[in-house]
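Questions regarding the structure given below will be posed in turn.
Chains: A, B, C, D, E, F, G and H, in written order; residue numbering restarts at 1 for each.
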Amino acid sequence: MQDIWSIYLSGEIHTDWREEIAKGAKEKALPVQFSAPVTDHPASDDCGVTILGGEEKKFWHDRKGAQINGIRTTSLIKKADIVVVRFGEKYKQWNAAFDAGYAAALGKPLIINHGPEIVHPLKEVDAAAMAVAETPAQIVEILDYVINGKLAGYTE
Amino acid sequence: MQDIWSIYLSGEIHTDWREEIAKGAKEKALPVQFSAPVTDHPASDDCGVTILGGEEKKFWHDRKGAQINGIRTTSLIKKADIVVVRFGEKYKQWNAAFDAGYAAALGKPLIINHGPEIVHPLKEVDAAAMAVAETPAQIVEILDYVINGKLAGYTE
Amino acid sequence: MQDIWSIYLSGEIHTDWREEIAKGAKEKALPVQFSAPVTDHPASDDCGVTILGGEEKKFWHDRKGAQINGIRTTSLIKKADIVVVRFGEKYKQWNAAFDAGYAAALGKPLIINHGPEIVHPLKEVDAAAMAVAETPAQIVEILDYVINGKLAGYTE
Amino acid sequence: MQDIWSIYLSGEIHTDWREEIAKGAKEKALPVQFSAPVTDHPASDDCGVTILGGEEKKFWHDRKGAQINGIRTTSLIKKADIVVVRFGEKYKQWNAAFDAGYAAALGKPLIINHGPEIVHPLKEVDAAAMAVAETPAQIVEILDYVINGKLAGYTE
Amino acid sequence: MQDIWSIYLSGEIHTDWREEIAKGAKEKALPVQFSAPVTDHPASDDCGVTILGGEEKKFWHDRKGAQINGIRTTSLIKKADIVVVRFGEKYKQWNAAFDAGYAAALGKPLIINHGPEIVHPLKEVDAAAMAVAETPAQIVEILDYVINGKLAGYTE
Amino acid sequence: MQDIWSIYLSGEIHTDWREEIAKGAKEKALPVQFSAPVTDHPASDDCGVTILGGEEKKFWHDRKGAQINGIRTTSLIKKADIVVVRFGEKYKQWNAAFDAGYAAALGKPLIINHGPEIVHPLKEVDAAAMAVAETPAQIVEILDYVINGKLAGYTE
Amino acid sequence: MQDIWSIYLSGEIHTDWREEIAKGAKEKALPVQFSAPVTDHPASDDCGVTILGGEEKKFWHDRKGAQINGIRTTSLIKKADIVVVRFGEKYKQWNAAFDAGYAAALGKPLIINHGPEIVHPLKEVDAAAMAVAETPAQIVEILDYVINGKLAGYTE
Amino acid sequence: MQDIWSIYLSGEIHTDWREEIAKGAKEKALPVQFSAPVTDHPASDDCGVTILGGEEKKFWHDRKGAQINGIRTTSLIKKADIVVVRFGEKYKQWNAAFDAGYAAALGKPLIINHGPEIVHPLKEVDAAAMAVAETPAQIVEILDYVINGKLAGYTE
């Protein structure tokens, strides 16, 4: 019986990179279990006021939602064996960088994923990572190697 | 296979709020496992002297029982993913506030549940919480969102 | 050169018990440094809105203040060698019980101080304590014994 | 003798907010000691290659520098009693958000400082904070209250 | 599905108290899993030299064995939810007191078991315990109460 | 149902000592699960550049690979109940000594395996170990004793 | 300016071994600060009831005192750099073995001191130690070597 | 008043690299305090038997000494802000790699120092480091930058 590795996929929510990784992992039959923040953007923004009652001030509207989301995200990061954080080309994505810092302080192995055009502003985040990947496919290969010891052209 | 979330339900023992939450969670088929202190009040008071022998002084009668209850409560709080603490309108309920502080120091996500009439005396406890709910039904909705990402009117 | 012991005095703010302890410690020249929450009640209630701007809702008024107070209280509890928590006869004092739970989870030695009339509702809090005192004078004697090994009638 | 509080000032490096805070703290004679990342931008970018030798690839140029800066920043965050993180209106500032997450996971009390126009993208970072300030002057007032218990109009 | 509680049974090896507890737990169908040091005295003494080669000096003979036994005992104490330590009337049993201290420092709930004739010399060990029992039957009742909330004469 | 013990086998990769241990454990039907670094030497050296792209400098070629291997090795050491480290007669094997130090700082029980000719240079590593074995067969016997309490000539 | 090392001297209270060590350390001008439990036996036994009020039952008489002593002993062990535990030839000394286990679980370097006649019953305690000394003079020499790097016949 | 940084200098003992660093730090008036293992090789080898009595077997001779040295080295690594480990061209130096792993697991910032000819066998150790320096002079420059923010050609 093989151990299941828990992989938390933090960050960008406007492309289907999580599905790409999940598909690649399925094709290789990796013993992994993925988790992620709630990726439905409107639900994520409004969960606080929808469940606990509305707020006139945007600040408290956001606070209520962000703290409920925080129950999920901090719980899942703490349970994860590996934390992957992807940065897209748009948006501030401060929550992604926050998650990376949070995971780093807990000693979780970090894999950062982003394109070459944002190497410089991400240098402190990258410097805390065990791997910096440009594509979801590379992340699948890293997981295959880390978990199964398989490397294309070497072990196969 | 989905992970089971452990939810500890601390506090008030004179209403059926735990059953309400359990019923709501069952209706939504949430992958949760609830735990709680012993809620049989006389048993909770007398467990120490019943098992280990009587005491003339009320102080030691209480101490013996409270420490045996403490084996249960601290063990379950440590194992919990989320700690919910409910304050009723009556009684001192210092053990509930103690549990909240204990859970907070361990970094457990806290959900506090109480009515609007005791907002002010509970402000320090609420300030340590990720969510402050007024009803058990809201707690079920929070769990459904946090665990499954489901939010009425958004994802359904 | 003798080490200074840090003693945090949590709880009741309507009597002068902290001054009594400080005076007793001074008379015995104990090498201690006391700390405490802000005990000016109006300042404690309003610090959040006074500094960061007003809130219409009492809940957020309280939250803003309680979190700023929380910076002080959790910092000082973490730095303390011994945490003393006093419960008076009035008020809910849930913040006092919260502090006791917080300190207990951090493994801080707890001394609880209260009168005999509230022994039963405090039993879970007392059960986590290393000593339960009825008077501030007893707390001074405990500190003198714990720090200096002095006990009236034995070592003097 | 009063304890010195260590305050780490993370984030924005293009305005003189750190000097404002230091000046305000000096005027109030606060027992604080401030620390910060290296705020000389060119030195911060080039420290790695200047000391350890050049790199052709920008990625490794950045990595070398960011890791040396990381020795300083993670050491100082770990030693801090309170971590303040300021976000300006420009730039990605992912290192600031990373520091906030890092400090949050270590249980450090966080004060976040930013203008009202970036409340929404910072909601997850703000949600982890004990206080969200708009100006450096407010931060000085928070420190004065937290450390000395002083509040304008109340205790003075 | 109910969680299994891990109970480590440390201490005395010359009576059948572990079997008594196991039998009692089986009768009540408690969801528990017991573990213990190796209780075969000669094997425990000689495991080091038998496996790794003989020693002329008794000191190293003992060291080799005690360290291999230590792999087992510290591993099992770390995994335990509750640690029970029994002191018999004979022998030094310093390893039992060592285990109690080890478990206490890890924050494990301790149950100490011994007869009334050794109350005084065990006072420091008892003072770290959540319960002090005189008989194995009482330990079974404590486990039934702590795990199932069952108490004879109250809940049955 | 018996717990499975996780055993991490670090160090030498040029003999079949891991297979010997696995075979011996299978013959005794030990409830163990072994893990190890990737032992395919070329894959281990090149995994970084193969997955993430080539490097001209050997230093970064090595860094990329070593960090990906580090995801695996530190994760598995953290999950292990017991860490075994074997030193062969050749090569620097600094990664083996690094793993031993890493495991020791985490409080993992260490078993070191090496021949008598390198006792002196390994003295600091051996001094952190619970057992120092010369052969894989001895390691199997230690596991059988530690997990099952079985010792040839005593319990059989 | 040289760091002061904190050395906790636990165990036997019927000989003057602590004075011997202190004298030896003074002669060598070691930068050390010693601490110890309260060694006045009657005060140690009666501190609880003397300060907090009498008890009819010996068990609670002992409990009250042992817990107050526990404030001192656990605080000082946690602050210590090195913990020394001495076992005399008489008495149960379970508190000494408890302290050794407590210190071991906290990762404190342990030095155990006892005569050759009790090597066997102390084997588990000795196995957790970094050094096992027979005399106080040896302990002084160990401290001189560990702190100053001085060894008679080598460095002098 | 400036904080003093504690720097532990582990590894090679046959060149004067520690003096070079100390001299460089003194010239720059860095607020640092260096510590190191005992670097007198014969004393380091024989401290155990010299203080505690001779051993016939080399293995125990080494064990006794290595454990006493371990009191010093693990204490100083735990107290260090930064750990520097230097590898020379000769000898096994497994204790240096062990120290590096030990420090890495404790989350200490690591600086590794070695020549280019041993890059490959040190790749796992280097991969855990925040900086890899070739010369002691570079280490002084790193310390000057990390502590004072000074960088030749930039801030001067």
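Just so we're on the same page, a residue touches a chain if its C-beta (ideal position, glycine included) is under 8 Å from a C-beta of that chain, and two chains touch if they have at least 3 such contacts.
What you see is a predicted model, and the numbers here were worked out from it, not measured in a lab.
By the document's definition of touch, common neighbours of subunit C and subunit H comprise D, G.
Looking at E-G alongside E-F, one finds more C-beta pairs in contact between the chains of E-G. Between A-B and the choices B-C, B-E or E-G, the pair with more than half the same contact pairs by residue number is B-E. With centres defined by CA atoms alone, the chain at the far end from subunit C is F.
Centre to centre, using the average C-alpha position, subunit C and subunit G are separated by 31 Å.
Our note on geometry: subunit D versus subunit G, Cα centroid distance of 43 Å, whole angstroms. Centres computed as Cα averages put subunit B at a distance of 49 Å from subunit H. In subunit A, 67, 70, 132 are the positions where the chain touches two or more neighbouring chains simultaneously. The part of subunit F that touches subunit A in the complex is made up of residues 33, 38-40, 42-43, 46-48, 50-52, 64, 67-68, 70-72, 74-75, 79.
Subunit E meets subunit G in the complex at residues 58-59, 62-63, 65-67, 69-70, 73, 87, 91-106, 118-128, 132.
Considering their complex, residues 1, 3, 5, 81-82, 109, 111, 130-134, 138, 141-142, 145-147, 149, 151-155 of subunit F touch subunit E.
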